[in-house]
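Here subunit A shows up in two complexes: once beside subunit B, once beside subunit C.
Moving on, here comes the complex of A and B:
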C-alpha cells in the first residue's frame, strides 16, 4: 500500500467513525433541540468531514456536507428555534451523508435518489435564512410578476451569478497542484441541435477528464409550449466550472467545431477569487489539517516503535489483522503454558524454584491472555446507539408511541461479534415493536397499561457469557397458539413434551409466523429463523421468555469471544471431546430405574417428567469400546435446537478454556464437530456441535 | 414512455427523435396530465428535453415534474448539473 493509499484508508476509517457519531448525535439532538453544545459537536463532525472529503477528492460528499455545515453553523450561531420539519431534514441529511459516502467508496457513477432533493431542501432553507432567496410564491412582487410567481411557486430562485461564484470559490479551495480551474460559458445558437451539438454532449466530454465539474443552466428564456420548439435551443447560457488537469488548448479542442461566439473559456487563477479568500483560507487550512492528521496516523502505524512515550498519543490505531495474529500467538502461548504446567515429567521435578517459575509463567500467561482479549473488546454502546434510530423509525412507521430503555451500554463484547450483531438485533427490535406491542393505545389501556409502550435493551454478563436482551411490555406470546401453529405447519407432531421455552423457541423455526398481518417491518416468517442462524454462527443461542398480557424478552446468549470457549472435557473410549459449557444443563450418573429403552426409538432417561434421548458418543464416532450401560457411565444433559439430549460419556475430565482451531477440509464435513483444540498435554480434542448430535435411530433415518 | 391515466413516466435518455415524439404526445394532453415522472437511474441525454420540461412547467404550473423540481442532477458522467429559473 502506498503512503497515499494509507492516508486515504485512514480518512475512510475516520470518516466512517464521524458519520456513525453523527448518526447517534443527530437523534440525541432531535430529542433535545435546545442542546446547543450537542449541535456544536455535530457541527464539528460535519466540518471535519467536509475538510477530509474535499482533500481526498470526494467532491459529491464534500458538496453536500458543505451546505449541511452552513445550515448547522447558522443555527449554532443564531440559536434560532429549530422546527420539527428542520430536525427531520437534519436526520435525513445524515442518512444521505451515509449513502453518499458508500457511493464515493464504491466509486458508483450515480448518487442516491435522496441526494438532490435533500440538498435542494438544505440550500433552500439556508437561502431563506440568509434572505438571499425568497420563495417566489410568498415574496412581495409587483402585480405584473404575479403570474410568474404562481408558475414557479415551488422553486427557489437562486441568482445564477451567485451560484457560479460559489462554485468557483468551492473549487478554488480544493484545487491541488497540477489541476486547472476553468469557467466555460456556452451560448449556443438556436440551431445547435440541428448542427449536432448539445450542451450535455460537452459536459460529457469535459467530465471524462475532470476531477470535478459543475454546470449551471440558465433556463430563464425558455418559452411556454405554444412558442416552444424542441429542436431550437432556448437555453440562453450554460456556465460550466471544471477542475481538470487539461490545458486551455486541450479544453478548447472540445469546442473547435463551434462558432467562436458560442463559447468562452476562462482560466481562473487564484488571484481571481482573492475577494473571497478569507473563507477559502479556512477551508484550505482544514484540508491541510486533514491531510496532516491522516499522515500523522500513517506514521504512527508505520513507525510506532520510533515514537517516544512522551510524544505518543494515548491511543493508536492498529490493523485488526495484526490483532488477530497477536491473538493467535497468545492462543499458542496458552497451549504451551498448559503443556508445561500439566507435563508429568516436569511436575515430578522436586525443585521449588522450578515450581515457582511455572506458577509465575502461568500467572503472566493468564494476564497476557486477558490483556490481549481486552484489546478486542469494545463497549456495546455504539451498537445500542444505532438501535435508537431503529426504534425511532419503527415507532414512526407503526405509529406506536414508545419509550426505549437502555441498560448496560458499558458491557464489552468482542469486536468481531459486534459487527454481526446489528442485523439480528434490528430484526428482534422491529419484531418487538411491530408484533410484541399492542396494535393501538386502546388495547394497551384496556390491559391496564400506559399508552406509551416500553422497549428495553439490556446487556449484561451471566456465567461467563454475554447476554443481550430485548424486552417489550406488550401482549406477550400466546403459547397455545404457537403450539397449534407448529403442529399445523408440521414443525412438531404434538406428541413432544416441550417446555415453555422450547414452545416459544418454535417461533424461530423457518417459515413460522403467527402474525395475522404481514408488514414490511417483520412478520414474513423469514426473519426470526435468520436471526437464530446468525446468533448460532456466533456460537450463541436465543432464549425467549414471555408472559401473556405482560410482555416478551428475547435474550441472546453469546460467548465472550469467538476465539476461545469455555468447554467441558469428556472422555469416550480413549478420546477426549469438548462440549461447550454454554450448552450444558447438568451432568450425572443416572439411577438404573430412570433409564428406559423404547423399541425402535432407542434409550431414554427420565428427568423431572421429561424423557430425554440418550446419545452414546462412542456410537456417534464409531469408537471401539466396551458396551457400558447408561448407569455405568456419565450422562451430560445439553440443550440443543431440537430439545434436550443426554450425551453418554465414560468420564468427565474437567473444565477448561480452549483456543478453537479450525479443522481441515476433510474434517469440516463432519457436522457433529465444530472445531478442534490443543490440550495442555499436547493432545488434540474435538469440539462437539451438540445441535447435530441425534439419537442413532433418528440419524439412521435422517 | 409509459402513460398511466394522469401520470406519464419518461426516460431521461431520449434521443432528439424521441423528444419530438414526446412533445407531440404531451401537447394535446397537457391540460389533464398531473405528473411527469422520470425513470429511475437514467441520465439526461439532451438539454432539449430539459428545456421541454421547463416549457411544460411554465405553461401549466400545476403540472408536477419531480425531476425538474429537484433543480439539480448529479452523476459521474456529467458532474453536478443545476438549472435555474429566473428572469
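Moving on, here comes the complex of A and C:
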C-alpha cells in the first residue's frame, strides 16, 4: 500500500464513521429538533466530511455535503424553527450521502437517483432562506467576521498586546451582570487545519452566544506568498476577547479540534480599579470565588472534553487479525500455565515460594486472558442506534405509530459478532412491527392497549450468554394457526408432541409464513429461516415467547464471544468430546424401564411423554469400545434443530470454557464436528455439532 | 530462458523413507519436522486421515502417509516423524517412517516418473531422481493437498452410503 493509499484508507474509514454517526444523530435530532447542540454536532461532522471528501477528490460527495452544510449552518446560526418537511429532507440527505459515498468508493460513473433531487431541494431551501437570513446574522453577531481584513484595518499599527489591553478595558467597563469576560489565547500548531480547525469557523461558533467579541491576529509569522502553503497555518497567535453569558465549561466545546497546549481560557474578573472602601472586601471575596469557580470549571472542562470529544479520548486502531494472533498466543500461555500448575513433579516440590509463584502466575495469566478478551468487546450501542433508523422507516412504511424502548445499550459483545448481527436484528424488528403489532389502531384500542405500539430492544447477560431480545406488545402468535399451517406446509405431520416454544419455533422453518398479505417488508416466507441460520452460525439460538393478545418476544441467545464456548466435556470410549452447554437440556443415567427399542427405528428413551432417540456416540463415530447398555452409561439430552436427542456417552468429565479452534481446511467439511479445543493437558477434544448427529439405525441393532 | 544455468540449478529436497522406498519433498514447502506425538482420532474421515495434533496451540490434521499411498500400517517407533507441510497457510502433517536428509538434486537429474506397480498411488509423484544408490520419488505436494480436500469429501460420502445400505 502506498502512503497515499494508506491515507485514503484512513479517510474512508473515518468518513464511514462520520456518516454512521450522522445517521444516528439525524434521527435523534428528528425526535427533538430544538436540540441545537445536536445540530452543531451534525454540522461539525458534515464539515469534516466536506474537507476530507474534497481533499481526496471525491468531488461529487464534496459538492453535496457542501450545500448540506450551508443549510445546516443556516439553521444553526439563525435557530429558525425547522419544519417537518425539512427534517425529512435532512434525513434523506444523510441517505444520499451514504449512497454517494458508496458510488465514490466503487468509482461508479453514475450517481444515485436521489442525488440531483435532494440537492435541488437543498438549494431551493437555501435560496428561500437566504434573503432574510443575512440581515439577522449581522444583527446578532456585531462583528462581521467574514471580513477579517476590515477588522485588521481597525488597528493597523498598534502592537497586539496593547490592542488586547485596550479591548479588555473597554469590555470591562461595559460588563453587565450574568456575563463573563474571557480572554482566550490560542497558540496554534501549524498543522491545525488538518485537524479540522478553521479560524473563521471557530470565531463564528464562539460568537453565536456572545454579546460582543473581538479578536486579534498575529500575522507576523505568515509566510511570504511564494512559500505560502494553503494547508499550513501561518496565524499562530490569536487573542480573543469575548463577552458572553456562557460559562467556560460551555465555551470548552469549541476547542475539540485543538490540543490542550494550544489554547488558554482566562476568565477576566470585574475591574478592581474603582472600589468603594466598604465594598472592597466583598469584591475581594467575589474575585476569590470567581477564581475558584474558574478553576473548577476549567478542570471540569477538561474532564468533559475527555468524555465528549473523540479527539481527547485516546484510542488506537488495531487490525483485528493482530488481536486474533494475540488471542491465540494468550491461549497457548493459558495452556502452558495449566500444564505447570497441574504437573505432578512440580507439585511434589513442597516449597511454599514455588507454589506461591505458580499461583501468582495463574492469576496473572487469567487477568491477561480477560483483558485480551475485553479488547474484542464493544458496546452494542452502535448496532442499536442503527436499529432506531430501521424502526423509524418501518413505522412510516406500515403507518403504525410506535414507541421504541432501548435497554442495555452498554452490554458488550464480541466485535466480530456485531457485524453479523445487524441483518438478523433488522429482520426480526421489521417482523415485529409488520406482523407483531396490530394493523390498525382500532384493533389495539379494542384490546385495551394504547394506540401507539411498543417495541422493546434489549440486551443483557444471562448465565454466560448474551441475550438480545426484540419484544412487541402486539397480538401475539396464534398457536393453533401456526400448528395448522405447519401441517399444511408439510413441515410437521401433526403427530408430534410439541411444546409451546417448539410450535413457535416452527415459524422460523423454511417456507413458513402466516401473514395473510404479503407486504414489501416481510411475509415472503423467506427471512426468519435465514435469521435462524445466521444466528446459528454465530453459535447462538433463537427462542420465541408469545402470549396471544399480549405480544411476542424474540430472544437471540449468543455466546459471549465467538472464540470461546462453555462446553460439557464427555468421554466416549477413550476420547473426550465437548458438547456446547448452550444446547444441553439435561444429563442423566436412565432407568432401565424408560429405554425402549423400537424395531427398525433404534433406541428411545421416554421422558415426560416424549420419545427421544438415543444416539450412541461410540457407534456414530465408530469408536472401539465394549457394548454398553444405556442404563450403564450417561445420556446427555440436547436440543437440536430436529428436536431433542439423547447422546449416550460413557461418563461426564466436567464443564469448562474452551477456546474453539478450527480443525483445518481439510477437515472443515466434517459436519458432526464443529471444531476442536485444547485442554489443559495439551490434548485435543473435538467439539460436537449436535444438529448434525443422527442415529445410526442399522448400526444400533443391525 | 537461460539454458546454461538451468543445467546447474540445484533444488533442495527433504528425503524420507516409507518402508524401503525413499521419497522427497521440495524443502520450501516444509514448515518443520516433529517427532511423533499423540494424535487425536477424528471420526468420519478416510482411514489414512490419522487425526489431529496440537502443535503449540494450533490444531493440525495429520495424514498417515503409508496408508495414503496404500501401504501397510506400521507401529510408530523412535524414528517415526511428522513432516509439517504448508501450502497457502494450510498446514498438514505427514507421518513418515524415518526422515533421511536434505539432498540437493540437480534439476537436470530429475527424470519422469515411471508407471508403478499397483500398490502405490503414482499420481502424487512428479519426478524421480537418483541419489547415490537410491531412487528418490519426488512428491507433488500441491497435488497431495488438492486431493485431500476432495478425497476427504468423497470418502465421507462413501462411508455414509455404505452405512446406509
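We take it that the second predicted complex is superposed on the first by the 503 of 702 C-alpha atoms of A that agree within 3 Å, B and C clash if a C-alpha of one lies under 4 Å from a C-alpha of the other, contacts with A are read in each partner's own complex, and residues count from 1 in each chain.
The rule we apply is simple: a contact is a pair of C-beta atoms (placed from the backbone, for glycine too) under 8 Å apart; a residue touches a chain by one contact, two chains touch by 3 or more.
Given the structure is predicted, the values throughout are model-derived calculations rather than measurements.
Looking at the shared chain after the overlay, A:218 reaches subunit B, while subunit C stays out of its contact range. By the document's definition of touching, neither partner reaches A:435: not subunit B, not subunit C.
In the superposition on chain A, A:673 makes contact with subunit C only, while subunit B stays out of contact range.
Once the two complexes are laid over each other on the shared chain, residue contacts for A:686 go to subunit C alone; subunit B is not touched. Considering which of subunit B and subunit C touches more of subunit A, the answer is B.
When both complexes are overlaid on chain A, the residue A:207 reaches subunit B alone and has no touch with subunit C. When the two structures are aligned on the shared chain, A:235 is found in touch with subunit B, with no touch to subunit C. Across the complex, subunit B meets subunit A through its residues 16, 19-20, 23, 27, 30, 40-41, 44-48, 50-52, 54-59, 61, 69-87.
Subunit C meets subunit A in the complex at residues 38, 40-45, 49, 52-54, 56-61, 90-92, 145, 148-149, 152-153, 156, 163-164. If you check the complex, the residues on subunit A that touch subunit B are 60, 63, 108-111, 113, 115-117, 119-120, 148, 150-160, 163, 193, 198-200, 203-204, 207, 210, 212-220, 222-226, 228, 230-231, 233-235, 238, 242. Chain contact summary for the complex, subunit A toward subunit C: residues 328-329, 331-332, 335, 575, 620-623, 661-667, 669-670, 672-673, 676, 678, 682-686, 696, 698-699.
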